[in-house]
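Shared chain: chain A. Partners: chain B in the first complex, chain C in the second.
Moving on, here comes the complex of A and B:
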């Protein structure tokens, strides 16, 4: 893949390294001259010391033939504009933005950003999972719908273990999407599928039925 | 009817627009991240100056975006203006939104996406060309 990375700060730097290591063609655009120089020492000529929100800069970086653009700066405004220019002026198929202020996530999606990654939300969702030992973890709000993709881990001792899925009292608005076993292997949903301890159940559910879903899968009160 | 206007950016342009709108009888709130920039304006009835960041929804709310019917983003940075204006238009549903975008390619794109834009450098270029004709 040909990937353009905007911003060579902490996220952009490690992302560029990882993308190169997995065999991608990468150009990284960094506005700060000093940071760009440091990056050039490591990555060589793929570093462009310039402003990645400028159409002329993106054009010279070959935005027209790029498969993915990822904007990783600490400024939401910069990340939004870089993605919008890439998407709407250069027809880049997939644009991804790091979002600092979680308030901006729905707006970015409305404005054509394919993936808006809120670092705050990521950390919070991991914390939720770690601290509650398996509550309902929000994975992805669905654009244009009130439902959210969530994950629930089946704890040892849950009355749901060994039951057929069709026998569980899951709420009517919730759709079970997949079950990922402890081994990390996904299993397709079928009525006869039986849950095991440690299974992670992915489901699409409206927020008001999350509690009921959680009780059905964990037996919790 | 007097408008309730929120202006982002108190540079020379923002300050001039704010003054002109207050003179016209509008209720104007102008925000800037740097309080120093408010030196360009005199305190007067109909004008509030608030230190706030136009790219933060929380700050926009604090500056009264929810009761504004006109939103004008005039900082020197296209990126800040684009985020602020699109937040006002889509997240807060402000009726009339005007956004300063200097870069011509970006400007054409934002017009296409339904944002009303103004470009001081374009206006100046036109005026210079016109002056040369005379």
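Moving on, here comes the complex of A and C:
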């Protein structure tokens, strides 16, 4: 897969390392000359010291043949422009933006950004889980926001404990994708699988059915 | 080890310029004492608009032509010479990597005299090699063209 990463700050740097480690072809575009030089020390000639919102720069970076563009700068406006130029000028199949202000997420989606990842929302959702002991944690919005990957922890005393998955009153639009045991080991999904206290259930569900899913797994406690 | 005693492994990046013959001849003289090897490297810089392993027949044919000529030159000097064509995004890192892989003792690169806003410049590649090469680097500048006489 050919990936263009805009911005080589903390997110862009670690993302680039991970993408390279998994065998992808990557180009990183970083506007700050000093930061680009530091990145070049490690990544070599895949770093382009330039402005990733410029169509000419994206063109030279091979945006026309790229599979995914990910804009990771700390500026929402920059990320939006980079994604829009990639999407509408170069027909990039999938554009992903990091969003700092969660209020901007709907705007990004309206303007054609395939995935808008709000770092603030991610932190908040994890805090909610840690502080409340278990709500619906949003892990990943799926394309078009018609469904979301969520996680629900089965609390002690839940009526779902000991029940087979097929017997749970989960909402019709929700799909249970995986169960992670207390020990952190994934358990194979099957109709006969019985839930235990502390299991973490990963599911794909439309936002309007999250409450029903949560009640089915926790008993509403 | 001094170059005066001869060298065994010399890397010569070429690009089809008029200086290629000079630097390859020089490299051959340097390795002949020890019956060493000259590696001649022709790097094709592939634009990011194409995959790195894209077929670039025109550039490849040009590289093969350059290497054939230089291999004949090496043969005439009774020198062990090996030519290679590499595709890379940027010549500098590819040459340095080759120097590392080959454990080269010396890298010889040619450059023409250039000026930028009235000041001498070595361009981008030569400073990169001077900074990054793991081995010694010899920069060879070609002869200056004869000055044009001032008109009366």
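Convention: the second predicted complex is superposed on the first by the 151 of 221 C-alpha atoms of A that agree within 3 Å, B and C clash if a C-alpha of one lies under 4 Å from a C-alpha of the other, contacts with A are read in each partner's own complex, and residues count from 1 in each chain.
The rule is short, and it goes like this: contacts are C-beta pairs under 8 Å (C-beta built on N, C-alpha and C of every residue); 3 or more make two chains touch, one makes a residue touch a chain.
All values derive from a computational prediction rather than experimental measurement.
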Touched partner set for A:103, first chain B, second chain C, both or neither: first
Partner chain in contact with A:61 - chain B first, chain C second, else both or neither: second
Touched partner set for A:22, first chain B, second chain C, both or neither: neither
Chain B versus chain C as contact partner of A:81, first or second or both or neither: first
Touched partner set for A:185, first chain B, second chain C, both or neither: neither
Superposition-derived comparison: chain B or chain C, residues of chain A touched: B
Which of chain B and chain C A:111 touches, first, second, both or neither: first
First (chain B), second (chain C), both or neither touched by A:44: second
Shared chain A surface residues [contacts with chain B and with chain C]: none
Contact footprint of chain B on chain A as seen in their complex: 53-56, 75-78, 80-81, 84-85, 88-89, 101, 103-104, 106-107, 110-111
Interface residues, chain C side, partner chain A - complex: 47-52, 88-90, 92-93
List of chain B residues in touch with chain A within their complex: 55-58, 77-80, 82-84, 86-87, 90-91, 103, 105-106, 109, 112-113
Residues of chain A that touch chain C when the two form their complex: 2, 25, 27, 44-46, 59-62, 64-65
